[in-house]
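When the chains are written out, they are named A, B, C and D in that same order, and each has its own residue count from 1.
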Amino acid sequence: MKNINAGLVGYGFMGKAHSNAFRQVNHFFDADAKINLTAICGRNKSSVQDAMDKFGFCSYETDYRNLIKRDDIDFIDVTAPSNAHMEIVMMATENKKHVFCEKPLGMNKQEAKEMLDSALKNKVKHQVGFNYRFAPAIRLAKKMIDEGKLGTIYHFRGLYLQDWIVDPSFPLVWRLDKKVCGSGANGDLNAHMIDLARYLVGEIDKVTGTSKTFIKSRPVVEHSTGLNAKSSHPDRFGEVTVDDTTLFLAHFSNGAVGSFEATRFATGRKNGMSFEINGSKGSIRFEFERMNELQYFCNEDDERLRGFRVIQVTDSFHEYAANWWPVGHVLGYEHTFVHEFFEFAQSITNDIPAIPDFHDGYMCNVILDCVDLSIKENTWINIG
Amino acid sequence: MKNINAGLVGYGFMGKAHSNAFRQVNHFFDADAKINLTAICGRNKSSVQDAMDKFGFCSYETDYRNLIKRDDIDFIDVTAPSNAHMEIVMMATENKKHVFCEKPLGMNKQEAKEMLDSALKNKVKHQVGFNYRFAPAIRLAKKMIDEGKLGTIYHFRGLYLQDWIVDPSFPLVWRLDKKVCGSGANGDLNAHMIDLARYLVGEIDKVTGTSKTFIKSRPVVEHSTGLNAKSSHPDRFGEVTVDDTTLFLAHFSNGAVGSFEATRFATGRKNGMSFEINGSKGSIRFEFERMNELQYFCNEDDERLRGFRVIQVTDSFHEYAANWWPVGHVLGYEHTFVHEFFEFAQSITNDIPAIPDFHDGYMCNVILDCVDLSIKENTWINIG
Amino acid sequence: MKNINAGLVGYGFMGKAHSNAFRQVNHFFDADAKINLTAICGRNKSSVQDAMDKFGFCSYETDYRNLIKRDDIDFIDVTAPSNAHMEIVMMATENKKHVFCEKPLGMNKQEAKEMLDSALKNKVKHQVGFNYRFAPAIRLAKKMIDEGKLGTIYHFRGLYLQDWIVDPSFPLVWRLDKKVCGSGANGDLNAHMIDLARYLVGEIDKVTGTSKTFIKSRPVVEHSTGLNAKSSHPDRFGEVTVDDTTLFLAHFSNGAVGSFEATRFATGRKNGMSFEINGSKGSIRFEFERMNELQYFCNEDDERLRGFRVIQVTDSFHEYAANWWPVGHVLGYEHTFVHEFFEFAQSITNDIPAIPDFHDGYMCNVILDCVDLSIKENTWINIG
Amino acid sequence: MKNINAGLVGYGFMGKAHSNAFRQVNHFFDADAKINLTAICGRNKSSVQDAMDKFGFCSYETDYRNLIKRDDIDFIDVTAPSNAHMEIVMMATENKKHVFCEKPLGMNKQEAKEMLDSALKNKVKHQVGFNYRFAPAIRLAKKMIDEGKLGTIYHFRGLYLQDWIVDPSFPLVWRLDKKVCGSGANGDLNAHMIDLARYLVGEIDKVTGTSKTFIKSRPVVEHSTGLNAKSSHPDRFGEVTVDDTTLFLAHFSNGAVGSFEATRFATGRKNGMSFEINGSKGSIRFEFERMNELQYFCNEDDERLRGFRVIQVTDSFHEYAANWWPVGHVLGYEHTFVHEFFEFAQSITNDIPAIPDFHDGYMCNVILDCVDLSIKENTWINIG
């Protein structure tokens, strides 16, 4: 069996999720190649060594340039903060490495375009980490829509609600610094909803939005290492340079109307990603926190017996489900990554396109930028 | 249009619910007769006068014997405590009055049998207050089962959970006195579940149960006037002579297996009446506190798209629904009584059988008695 | 006891709901006056006679002018289509009748302003039919917010989703004719959400929205008599002149951000009015179709034990609840009207302000107009 | 770091789940030893070789006796069918191997007693596969009860509902053969509920139950390989020798009353394990298919604001949660096994008792046997 050697950049929350996926793919899926945890890369030597041991990698690097130059690496997986995506991705593609990059692909559409062009020019496989596409319930939603089960789509209604920075004393971590991550709730959370909307409903024509930063300054923190940064300087404050919430309205090319909202200030909502799609023949609803379920209303049922069905998407005939456990034995968050990397590995091994690719990543950046522009100009912005 | 003159005995919670139904029937239903609130009866003169005014009755009596003897009364409605049912019902039937009686019909099956026999002999209409049968969702459940939508029924699982006496300082109201009400959670709550099980699944063959009184003595109360009795003697205690909870297992004649539980000690459950029925072709679930909804799993749906549907039973094609409001504009508890008395009035006017009748009331008493006997004898008891 | 004589204009769905409320108030509430169903008014003599009998009125009129002139009428209740509100309300106020008017108050803010001014000038009581304010769960929400339980409010997220015109063959009823009703989903449904947002969160500063008419022509209908119009001319089509859906974003004066959506094209959603409010200390959620429940997340609970609570707002200590049934015995749609008219009767009898009044109706019209203008001008519009 | 070498017997669904746990423990937990996948054992050579590769084991055996004799094996993990448990466990303990055994421990209490005695005598660690104890929500439930949050417990209400054999043409797999598995729904499903009841509520005093086999003969199958056996002989039928459903009532030593039901005939219920516990101060509810949630009603909350809370047990301060993903990023079925083997490894490494141990397994067998006896004798059976 062919081997695919992974070179992972980053060892935070996403690095952990990706590594797990690398390890799990071949135990649960009949992939045409074996993913090897060849090397992990991070700037801090002792931290990256610890991650190497914990995650099960064979080696480490402290400079991503060395990682990319290694002959034994087949693909580069980028989980570094957004502002580092472009330089890593560009060098990787130029060195003919396949590339997997976390979302949002670029800090803006220009960056995303460069990465897309380079990936195409260098004929490498390229995929973006829109992992929610790989939940079995989302796969089912996609099939239902493709089969026409919803008919003409009228509405997409997407929410991504979190509350992890409601406390004003929560410190100024890197995700609140525009220079590092480019955007706040919009790039972090709406990015997922935009991708799902494009996947399930289709292209967006125009948008208008608004955003707000409720808490404008926060205690600075020496070393921000993710969501759980605790060590802060309670007396020194710095400016929050990203949005706490961004909402926007949209019109789709197929005539549907959409609404999107991302926030980190929805007290009580932990990872409250949800959407509803209404069509002429039926509707579907999804909530990530009950990710094994898809709700479906079929307008063509006997009218006396119609109602939103709670489909538990764990039966063996649902995509990916047979690889895991018997019906009703539910999956979790990390499984979306295993599916995602199973597909990426298949695309490399069989030389077929990876999906969602850098074009999807680029389109997401385009729309995020248009939302930002609409906010700046107080009007609707046409996409593209 | 014909007039039907009501004579109501009792003005507590049930008297209030029944009076409301009398008033509402003709405003919402095209009944073949008009129900008049002719007379209300209670032992305390000033209280019954107040009730007369509040509920909208034309006259009052302080002795039910006088009420029954009045020529202008067409039917007697009995909402007095259980220990008063028999003497009122017997006199009413013997005086050729139609009778509506709250559940449980008798203090035991012997009483119920006498009442049933007298009603039959005197050829009056007789109905028992199993009001939950008249919720639109329950009507739909019945139709679905009759149409074979569930196939062969395997399981009935019924719960009636309340918590109003969890507090040990709650006083010794009449519902906790066996002499007055005959039974505790069993007669009060399981009675409803037994009736629904018989209505939806069929007759029961045998039962075995258990019961418990968790709090065995409580502060006595001078004048118990219902659930909300507050004035008590905190220093004087009396014995609780009824069950706080009764559970039982059952086998139905058609081969189904059943479980029943009634309790007043389920903290947080207010009027938690619910059941689930599983059949070879489908299942249904109902919770009273969301009484406008019926859940339905259809095993014959496309297997990928199966799930419990939450049917909102408010569309105009559902029984009784068109008489009220547009779809989605939900009904409440009291509507079950309006439906119940609409049907009772129709049965009187058109000389057709009332359902559920005293036979249903009798069968409920038979089963309640068998449950009690099974508890006493620690074994299974065959019904009938 | 004082008597208040009602003169009701209109006998459609709303006329039915209001009449029921008139009849029920005094049976369930200790009001300081008795509401009499004195007269009902409609243009079609035989229909209004039927309604008089069915609803229990003592007399009828076929011209609202005659109704208003009658000395025995204390208040005029306007449930006619929106385009008739102003002339009826103006004449009523000028004749010193108290006025209750269904929402939206005016066809636009100018009409609403005239009505408000006239009511103030003539010193009559004036109330607008924002009935959802009177659901016990909404009252509880209001109290919680007033007590500071949610802290600083960051988000309001309101939806009003229906699906009654998803079928393209559904005819061109009056609610789809701009001349008669002024607006589609926006005026009909967003009106309620705007009022609830103002009631619970506060005043709105600016809005921007979008709308769409998905089905632009429909079969004409000879006599449109409400939602359930069936008789249509399937071969003759007319233009739908109102919005099928309107969405808008908003900023509140207190810094909160809001989103609103109303649609009649959300397949499977029947009367899907819902909202969520997120504050620094807690969040609440409400869905009308489960109107007895209020969800509440308290951020100050023990952190291990936090979660959205499903409060069943039926205990006797909740507003209005003690007037009805024991805890857990749920209320329905129509009860909001009973509460609304109990309060209106109290305001007349005791000469205290009615709430929500024509100022609230006017503010709702102002915002609806601003939403329309924002759609026309593709930009944000400041309120007022 | 110490190494613990696993010897796994069986490579079916459970073998897959356990292997995954072995692999995952050290990537997510700071265990004091490393679990090695040293050897896997099964009778069919080519199948066990495939499993070795797929699951990641280093070697294989085709005879469990050889496995047990290997010096490089530290513990034996038994996932073979129930009728093979005893001989494997006895030889393992006698050879001083630590033992992990799937539930139910024995075919009956006598077998379980022998295994317990041998484990104690040989001073090995012994654990039984009651994996649901290791769901974070169940850990929270346990802590809450231990802290007194529920007060005096009155009710335990446990259900384990599945539907995988509702179809009469489903073949006669080994789980329907009493000789192989000892019991049907009772031993397979009630075993879990009995363990959870003992864990959370306490010891059971007496039980009475009933059971039923709805479909008494089924097509025989050549090689039964688990739940998904498809290849059958549709013309040859064999007898189903186990129960399709078993229900029982129970009294606990602490005064609580319990009900239990296990069935494989609850159409629409896939892995519907759920329970509710009501106490004087509060109640909790759990449904496995939404395993990240625990519902909690606190009777000591402000009475206006009480309601069942849906606690999402994913915050980092919940047991095991910090080892996985950020809050709201949900876990699945397999995680219970990772936690279970983390604890087992810790017990071996640090020479501390494993929990739940063979005594728990024995007590479960005792109660299962008493339920069976109660069914045979139609009466209550005292435990022990």
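Note that in this section contacts are C-beta pairs under 8 Å (C-beta built on N, C-alpha and C of every residue); 3 or more make two chains touch, one makes a residue touch a chain.
Keep in mind it's a predicted model, so treat the numbers as computed, not measured.
The chain pair C-D and the chain pair A-D differ in C-beta contact count, and the higher one is A-D.
Distance between Cα centroids is largest for the pairing of chain B with A. Each chain gets one centre point, the mean of its Cα atoms, and the points for chain C and chain D are 54 Å apart. Taking the mean of the C-alpha atoms as each chain's centre, chain B and chain D sit 41 Å apart. Once the centre of each chain is set as its mean CA position, chain A and chain D turn out to be 35 Å apart.
Shown for chain A are the residues in touch with two or more other chains, namely 269, 306-308, 312, 315.
Here chain D touches chain C in the complex through residues 140, 144, 149, 293-296, 298, 301, 303-312, 315, 317-318, going by the rule given at the top. Residues 13, 17, 19-20, 23, 27, 54-56, 162, 164, 227-228, 269-272, 288-292, 312, 314-316, 324-335 of chain A are the ones that touch chain D when the two sit in their complex.
Interface of chain C with chain A (complex): residues 154-155, 157, 159, 161, 163, 166, 208-210, 212, 214, 245, 247-249, 251, 255, 257, 259, 261, 263, 265-269, 276, 278-283, 297, 299, 306-308, 378-380.
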